[in-house]
Structures are given as structure tokens and as C-alpha cells.
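Next up: the structures, one after another.
In the two assemblies presented below, subunit A is common to both, partnered first by subunit B and then by subunit C.
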Partner chain A sequence: MIEILQQIVNGLAIGGVYVLIALGLTTVFGILGIAHFAHGSVSMFGGYLTFFLVASLGFPLLLAILVALLIGLVLGVLIEWLAYRPVRNASHINAFIVALGLTMMVEGLNLEFFGHEQVVIPTNLSRIFDIGGVTIPELRLYVIMAAALLIVAMTLFVEKTKTGQAIRAVAENRDAAILMGVNVKTIPMIVFSISTALGVCAGVMVGSLFAIAPGIGQWLVVKGFAVLILGGLGSIPGAIVGGLVLGVTEALAAGFISSAYKDVIAFVVMIAVLLLRPQGLMGKS
Partner chain B sequence: MTFSAKHLVYGAALIGFALLPQLITVKYYLHLSVLALVWVIAAQGQNLIQGYTGYVSIVQAGFMGIGAYSTTLLGLHYNLPVWLTILLAPVVSALFALCTGYPSLRVKGHYFAIVTLAFNLVIFIVLMNYSELTGGEAGITGIPKPGSKGGWLNFANREVYYYFVLIIAVLMTSLAGLIVRSRIGQALLAIRQNETLVGAIGIAAWKYKLFAFVAAAMYAGLAGALYAHYQSFINPDVFGLAQSLDAILAVIIGGSGTILGPVIGAFVVVFLPEYLRFADSFRLILYGLVLVLATIFMPRGIAGVTSDLWTRLTRRAA
Partner chain C sequence: MKLGVSFVTAAMMLAGSAAFAAEKTLDIGVSDALTGGAAVYGLPQANAVKMAADEINAKGGIKVGEDSYKLNVIAYDDQANPTEATNAVRKLIDRDGVKFILGFCCSGATGAVASFIANEDAVMLVGNAAERSITTREIPNLVRTRPPADYTGAAAGTFVAQKGHKKVAVLGALDVGFYASYVDAFEKELNKAGGEIITRESFGLKDRDMTPQLTKIRELNPDAILVVGYVEPAAFIYRQATELGIDVPRYGFTSGSEEQFLRVATSEQMEGVWDLRPTELTLLSASENGKAYHANYTAKYGIAPSPSSPYAYDQTYALKHALEAAGTVEDTAAVAAALRELPVPEEVVMQYLPVGGKMFDVNGQAYTSNGAFQWQGGNWVFVQDLPSDAEAYSKFLSTID
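Showing the complex of A and B:
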């Protein structure tokens, strides 16, 4: 029992990262119908940048994260404006190809700026808590808490604020939103900058919990899409539930079945959900 | 393009490909040309599901891997002749495609793309980790060439292998052309245009979609087998996600839903990264930039643009 609880706690940390990635992907998908494949690489850029600021320029960690976040906000706007807006009215395949090209560019930039060495963001958080037999490293606990905080903030933003309302309106019905006076030019920019900032947070978490290296971004974005399928494309509650389910499933699979095949098991769960509920766990049929 | 002009283009392309090894002086380019022809086969398959049916599948390289490993392992463990294993490879890929296509084709659009992407990752992870069978990351070396030692054709010779793959690529391209013109092809095109309507007039769309998916996998399996026997070495790295994306790019860049598109696209996908090698570490960035710009300004691919240009020119002349 303790062992199962332990694995679930382990799964919550990585699940939190998946939720943050998936929230970015799902809001972008809801607004623009785009599979933003470059999201993982952009997130890794944020992680790399934080590492660079801390390790090379000697910034304190929190300041480095803040700077990376601000750059993420700007980067999101640029991506929407330069890459996706021109293919706004083209077929979905074209937007997807743009996303692929963008992924290559960001991966290339990461290599150019930060090299191909594996890096870990230094945090100096090494205490380990023991709660009723379940051990939680300090860092993992903070990651879970930060992820929870961001998820709550994002949900409140989308549900309660005027801008959030506009975002939901565009996702629901673009034409009606235009008629109601929603500025559909700025909404995608806002969505992209928020989702990129969330991605940066996820990148920092991956970089401090595990490591950042070339190729990690693609792995992360694929997991993000798996979460979207689990939860339902475009659904925010779906992203939260799906991310936690995927993270915990993976941790349980790694702990009790095989760590080499944990991803395979996660994908099998995803495909099984898709067969039983094609619209996802929280999606509307 | 008019009917006769189209045939003129096909003829010229055929002659060009037949003469290519005589024109190429650098051995390395001949090597790339063989690889490009292998990719022509894979891209023609991808075009059936992506270009004609409108379903973006991201598992083409995974199916190439299944083909490559099947031909290799069947030869290794059952001592079957190379000719036979090359023919069996697409059958194995097709079986996998039947099992995976049936559930995944129940969903549409982005869902389908992501599910197939997951399949590619699963194939990659299994190839990587099931080392007893696949040799893991180190792969398998010493894969035999077709033909017997001292036979009248030496397949170890690059030029001979070029013509061997060329003949198969031409056959498979013609087959794709026949499929597209047949009743099945018309049904596939109709599914791309409006799947609901296809269902409404009593055509079982899922059968045709499954056909396109399995056919694409067979093309990939064959391409993978030809690749394995050409390189004499395989490992999982060449059958990953990035290569599946290359197959998609080949179709898009060349011109999706055209017969010559995948041919042009395959050569671009193989040669362009090589030509960008001068830029060294900027290569990936440039390649990405070319893709983004090409999609924004040339959404119908090279074949589409040339065809438009041709129509405009002939109209002006007339």
C-alpha cells in the first residue's frame, strides 16, 4: 500500500508537468485548432535559458525563472504573429507543417545557444521529507505545489476574468465572438503568450527534476498530446485530469511492471481510452 | 497540364532517372540518390493516406522499421532467400497496419495524427528495448544483399542497386497511379472532400480508409526492406518520429495528392539537408525556416506550383 502511495506521489510531480504542457496545448488548440508541435521545444528553451541565467550569469533561481517567464510571454506573441497567423486560413495540415518547421528552428536555436550537453538546473534543494512512510524530496514537493498553484491560477483566469471569457468565447464560436465585439486578433496572441509562459514553467520543472537535453522537447510535446487525447482536445479540465492520469499511470507502470516500457503502457492506456470514449475523458461528445 | 504534356513530363523524368548514375560523378550523390528512391516508395505510400485520403498518419517510418526488421530477421532465423524476405516484409507491415489501423481510424483529424504518432513511438521503444530480437540501439549488422554470390548482377555495386530500387520505385509509383484512378481512388478522394457525404451515399468509408492505411504501410515496409539490404545495417534511430515527419514533408513539399509530388518531395527531403550542410549548426534552423516559408508561400507544393505555372503559360500562348 505504501509502495502504491509512493508511486502515486512520484507520478503527481511528472503529472503536474504534463498538465502545464497540456494546458498550453489545449488552449491553443481550442482557439486556433492548431497542433502546436513546437511547444515542447519552446518549453525546453525556457528551461535552458533559466539554466544559463543561473549557472553562467549567477542570477538567483527565482529571478532567473521570472526573466525566462517574461521572455516566454514575448516569444509566444512572436510565434503566433510570425508563424501561425499567415496560415490561419489554410488547411490544418499546413499549420501542422509550420509547427514542424518551427520545432526544427527552435531545436536548432537551442543547440546553437546552449550546446548539446545535458544540463540540470541547480536548485540546492536536497532535503527529503518522510510523511507516514512515503518519502518526498523537497524539490518534488515544491514542483507539485507550484504546478497546483499555476493550474488553479490558469483555471481562475479562464473562468473569471473578462479576457478568459473572451478566450472561451472564441473557442466556442469564433464568428459569434467577433459579432460580440471580441478582438480575435489579440486573443490568439494572449493565448500563445500564456501557453508559452506555462511551457517555460514546465521546462524549468523538467530541468530541475530530471535534465534538459536535445530531443526532450519532442518527448514532452508528444506526452502533452497524449494528455489532450486522454482528456479531450481543447478541454481545460480534460488537460488537468488527463495529465494527472498519465503521470500516475506512468509512475505505477514504471514501479510495478517495467520502466523501459512505461511509455508503451501509457500509450496503450491512451488508445484504450480513445476506443471507449473517442471524445476523451472530459470531452463533450 | 494537358494529357500529352503530362506524359511528356513522365517520360522525361524516367529518362532522367535512367541516366542519372552516368551523370553523377561524386559517389556520395549516387548513395543519396539510392536513399532518395527508397524514400520515393515510402512517400508514395504516405501520399495515399495523407494526400488522397486526407488523413495525416505519423507512423510511416515506424512501418519502414517493421519492414526492415522483418526482412532481416526472417532471413537470419529462417534462412529464407533475400528475394522472398523482401516480398514478405510489406506483408508483415500490412498485418501490423491492419491491427493498428482498425482502432485508430475510428477517430478523425488531429486525434488520428496523434494516435499514429504514438504507434511510431511504441514501435521505436520496442525496437530499442527488445534487444534479444532486435539488438537494441546497436542494431543488426551484416544484412545480406539480394542475389547469390558471383551471380550475373552484383548488388553490392551501388549502381546496380540504384537501378534495382529505381525499377521498384517506378512500379510502385505506377501502382499508386492505378489505385488513384480506380474506383477505390475515387472513393479515397471523396473521403478527403467530405467523409460524411461519402457515408450518406452508402459507401463504407472505413473500409477505404483502412485500405489506404494498410497500402501506405505496405509501401513503407517495402521501402524499409530495400533500405535494410542496401545499407546492410539497421538500428532503431532511422525509424523514429523525425523520419516519419520527413515522409509527411516529402508529400507536402512535393505536392500532396499528385503522382509526381512524392517523387520530387523525396529527393528534396534527402538532398536539401545535405546541401544545407555548409551552414553546419545552422542547418536545422535553415531547414525549418525553408519549411515554414514554403508552407506559407507555396502551400500546394512544387508539383502544384509548376502545374499552375504551366497552365498559365499555355493559356497565354493560346
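Showing the complex of A and C:
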């Protein structure tokens, strides 16, 4: 029993990261129908930036994260304004190509500015908690708590604020939203800002828990899209449930079935879910 | 007028003399992982080749017959990827006209190039890539400075068995052939002493979260853990094992430097970890050459060299002496033959065990001693030699098809 609980805790940390990535992807996809492939690379940029601020400029970790978040918000606006807005009314294939180009560009910039070396964001969080036989390192605990906090904040923002309602309205029916007086020009900008900020948070978590290196962003975005499909395209609750399910499934698969095939098993579970619910766990049929 | 003619004649003679004495340049190629996950091995190797070339050039270059050649290194990034490595080597041979190719940190990429190099007018010098089959194919124009992984794995198995461990859990990059062969040889020796491997857990080269596998291992109560894989995931395993409260001896086969491990784990988390590997560069156990190499590399690149990087440095000096012995830079068959006849050059850093007095055996394979290194107070400390019979292994290697 302890082993199962331990594996679930193991899976929750990486699952939390998947959720944050998927939330960023799903809001963009829900509003604009864009598969924002560059999200993983942008997320890694956030992680690299935080590392740079901490390791090279000596910023305290929290301040560095705050600065990276603010830069992430601005970066989101720029991405929408410069990359996606010009192709908003064009065919979807144009946005698709822009997304691919942007991915290569951000990966290249990451490589140019931060180099090819793997980096780990220093945190100095080394305590280990033992709760009923389940071991939780301090850093992992904070990552799980931070992910939970961001998920709650995002949910409250979307459900309870006027801007959040406007975002949902545009996602439901853009024309009706226009008729209701929603400023649909600013919504994509806000969505990209939030999405990028969430990505930056995910990048910081990956960078402190594990490592940031070239190629990690692509791995992350693949997992993010898997979560998106599992949870239901464009569904925020789906991204939350899907991310946690994927993270915990990977941990359980590695722990109880085969570590060699943990990714395969996780994807088999995903396919099985989609066979039963083609719209995803929380998607609308 | 006479004075003018004499002056012109003298000038022409001087010009002629200068032309006659003009140094020639010999391009040598490097194909290695300069970026990506394997760059921790590949980039230091490429740096090591450049450093050796600079040293050779500073001492007047390579003397081949009457000519003196300065080395020019052309390095391409193969990302440890077989396709990229094939492209890099094709580019070196076909476009750059290179005949001597060094580097090769990683087995997958090296295996791809080894599969066609026998048909090329080139000599391939393999460094850190440890897959056994690279030197069992009877490729006449290929030599390797690093011993195969199973040569070291057998020695490691004996060592761990002598420590009295009966139940060993393995966590490794087991889909990589040479890591699997290290574990197979390790298991064979462990079994002989009555021990066993109780589980073989694996991870991918890009995995950084090994807590699920470690949780499973923790439940099995092993006497010891064996970690085989690239330094970066291995560092995470050591860190995460400590975080999960796993308090058993940890053995590894990673060849990472102190600096590489400390990027991921603290020195406290690493304390007591063993690395059972070829006796590569570790400052505390290095020869005079090794200490000089460490100092020069650090001064040149502003970073300490990785323990395995001298395999490439030694390649360069082996090539230098083979070229001088063969007396040609054109006849690659003669140079390849000279490599196989070469005694261990005095400039090399690794501590080679010559077979029949030669650096490379008939398979083109060099052997170093194996060593047990332990992390103590922030450093890899050489503790003891591991049993290493290069002559016997060389005979065994010759029996493999």
C-alpha cells in the first residue's frame, strides 16, 4: 500500500507539470484553434531565464521566478501579436506552419543565449518529509503545492472573473461573443499571456526538479498534447484531470509493470480511454 | 647592375628556400556529439583532440619523411546520432578530403560509421564508445582507445561480489547495447560468487525522474544498487535515491566528472558512491601526463576535462606516431597497420595495458586498467585497481564474430 501511495506521490509532481503545460496549450487551442507547438520551448526559455537570474545574477529564487513570469506575460503578448495575429484569418495550415517555425526559432534562441549544457535551477530545498512511510522531498512537495495553487487560481480566473468569462465566451462561440460586446481582439493576447506564464512556471518546475536542456521542450509539448487529447481538446478541467492521470499512470507503470515501457503503457492507457470516450475524459461529445 | 642581379638572385633563393620549407597542413576530422545529451562526453573529446593538435603543432608538427605537417582539426557535431554521424563522416571524407577521423564518444553513432568505414580510404580512431562489437568486426582501418564495456563489467562484478553483496538491483540505460553488456558481464561474475541481480530497471537517456523505479527498488530491499548510464540521468538517480531514503551502497558505471555530478546532486548526496570504470582521468590518481593534461585543458577551456576525454587526446598522439612510423599521410592502409604495431606513446594520459607490447591488439583494441573510484568529500578518489586481464580479454575478443 505504501508503495502505491509513494508511486502516486511520485506521479503527482510530474503530473502537476503536465497540467500546467496542458492548461497553456488548451486555452490557446480552445480560443484560437492553434496547436501552439512552441509552448514547450517557451516554457524552457522561462526555466533558462530563471536559472540565469539565480545562477549568474544572484537573484533570490522567488524574485527570479517573479521576473521570469512578468517577462513570460510580455513574451506571450509578443508571440500573439507578431506571430499568430497576422495569420488569424488565414487558413489553419498557416498558423500550423507559424507554430513550427516559432518552435525552431525559440529553440535556436535558447541554444544561442543559454548554450547546450543541461542546467538545474538551484533551490537549496533539501529537506525530506516522511508522512506515514511515504517519502516526500521538500522540493517535490512545493512543486505539487505550487501546481495545485496555479490550477486553482486558473480555474477561479476562468470561472469567476469577467475576463475569464469572456475567454470562455469566445471559446464557445466567437460570433455570439462579439454580439455580447466582448472585445475579441484583446482576448487572444490575454490568453497567450496567461498560457506563456503558465509555461514559464512549468519550466521553472522542470528546471528545479529535473533539468533544462535542448530537446526537453519538445518532450514536454508532446506530453502536453497527449494530456490535451486525453482530457478533451480545449477543456480546462480535462487538462487538469488528464495531466494528473498521465503523470500517475507513468509512475505506476514504471513501478509495477515495466520501467522500459512506461511511456508506451501511458500512451496505451490514453488510447484505451479515447476508444471508450473519443472526446476525451472531460471533452464534450 | 651586378649588385641588382645578385640581390634578385638572393631574393629568389630565399623565396625558393622559404617555399621549400613551407609547412604543410594535414586535415584531421572529428565526428562527435558537440550538442545534445551526449555532449558531456563528445564535446570534451573534441576539445581534447584540438588541444593535442595545438600541442603537436607548437612542437613543430608531425614529421613524415622530409615533410613537416601542422594539424588542422575539422570537427562536426554528430549529436551521438547514427544518421548525423554518417553524414558528418561522409562530409569529412567526400567534401573535406579528410583521411583520419577521430572522436566518436558514443556507441550508436560509432557503430553506424564502423559499418562502412572498412570500404573507405580513411582511418577511424574511436574514443569513448564502449560497445564491444565495434572491435569485433575485423575492420583493419579502425582502432579504439577505450576498452569494451563488458571488459570493465566483469571486473566490476567481481569487485561488488567481494564486497559481500548478494542482492543487487540494477537501474540503467539498458536499451543501450554497451550498458546492457556491462550488466551481463557483471551479473556473470556476481553469480559465480553466489550473488544475483534481483531486478533490472531501465530508463531512457532523456529521463530525469527515476523515482518510480527507485521506489520499486526500495521495496525489494537490495544489498546494493548498480547504476549504469550517462552521467546526467545517473546523477539524478543518486540524488533521488537519497531523497527516497535508500541507504545501501551505490555502485555505478558513468565516467562523469565531479563538476558534471555537482550540477545535479550535492556532494552530500553523492558521498560514498562508487564508480567502477576504466582507470580514466581522476586528478588524485593521475600520472604526470594526466596532471599536465588536466591543468592544460582547464587553462585552455576554463573548465575541468571529463574523465573520459583523454581517450581522444591519446588518439591524436597515437595517430601522430603512426603517421611518423608509416612515413606517409596518403597511404591509409600503411598508417592503419602502423597503428596496430605502435607501442604506447609516451605522451598518452590513460594508463594502457599493452598487449604483446603494443598499444592496440590485433582487433585494434586498446586496454586500460579498471579502477574502483569512490566519491569522498566532493572528489572521485581512486581506491583500488579492479582485476583486469587485457591479454586474456584480447584473446576472448578475437573469438567473437
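The definition used in the following text is that the second predicted complex is superposed on the first by the 285 of 285 C-alpha atoms of A that agree within 3 Å, B and C clash if a C-alpha of one lies under 4 Å from a C-alpha of the other, contacts with A are read in each partner's own complex, and residues count from 1 in each chain.
Methods note: a residue touches a chain if its C-beta (ideal position, glycine included) is under 8 Å from a C-beta of that chain, and two chains touch if they have at least 3 such contacts.
Just so it is clear, the model here is predicted, and its values are computed rather than measured.
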(request) Identify the partner contact of A:Ala260: answer first if only subunit B is touched, second if only subunit C is, both if each is, neither if none is. (result) both
(message) Looking at A:Phe29, would you say it contacts subunit B, subunit C, both, or neither? Reply first, second, both or neither.
(response) first
(request) For A:Pro237, select first, second, both or neither according to whether it touches subunit B, subunit C, the two together, or no partner. (result) neither
(message) Using the superposition on chain A as set up above, list the residues of subunit A that contact both subunit B and subunit C.
(response) 111, 260, 263
(request) Report the residues of subunit A in contact with subunit B in the complex, numbered from low to high. (result) 29, 35, 83, 86-87, 90-94, 96-98, 100-109, 111-112, 218, 222, 225-226, 228-229, 233, 260-261, 263-264, 267-268, 270-271, 274-275, 278
(request) Spell out the part of subunit A that touches subunit C in their complex, as residue ranges. (result) 3, 6-7, 10-11, 13-14, 111, 116-120, 126, 128, 130, 135, 137, 140, 209-211, 213-216, 219, 250-256, 259-260, 262-263
(request) Could you please specify the touching residues of subunit B with respect to subunit A in the complex? (result) 50, 56, 103-104, 106-107, 109-111, 113-115, 117-119, 121-122, 125-126, 129, 241, 245, 248-249, 252, 256, 281-292, 295-296, 299
(message) Taking the touch rule as given, give the residues of subunit C at its contact with subunit A in the complex, in rising order.
(response) 34-37, 39-40, 43, 174-175, 201-204, 206, 208-209, 211-213, 215-216, 219, 232, 236, 243-245, 263-264, 266
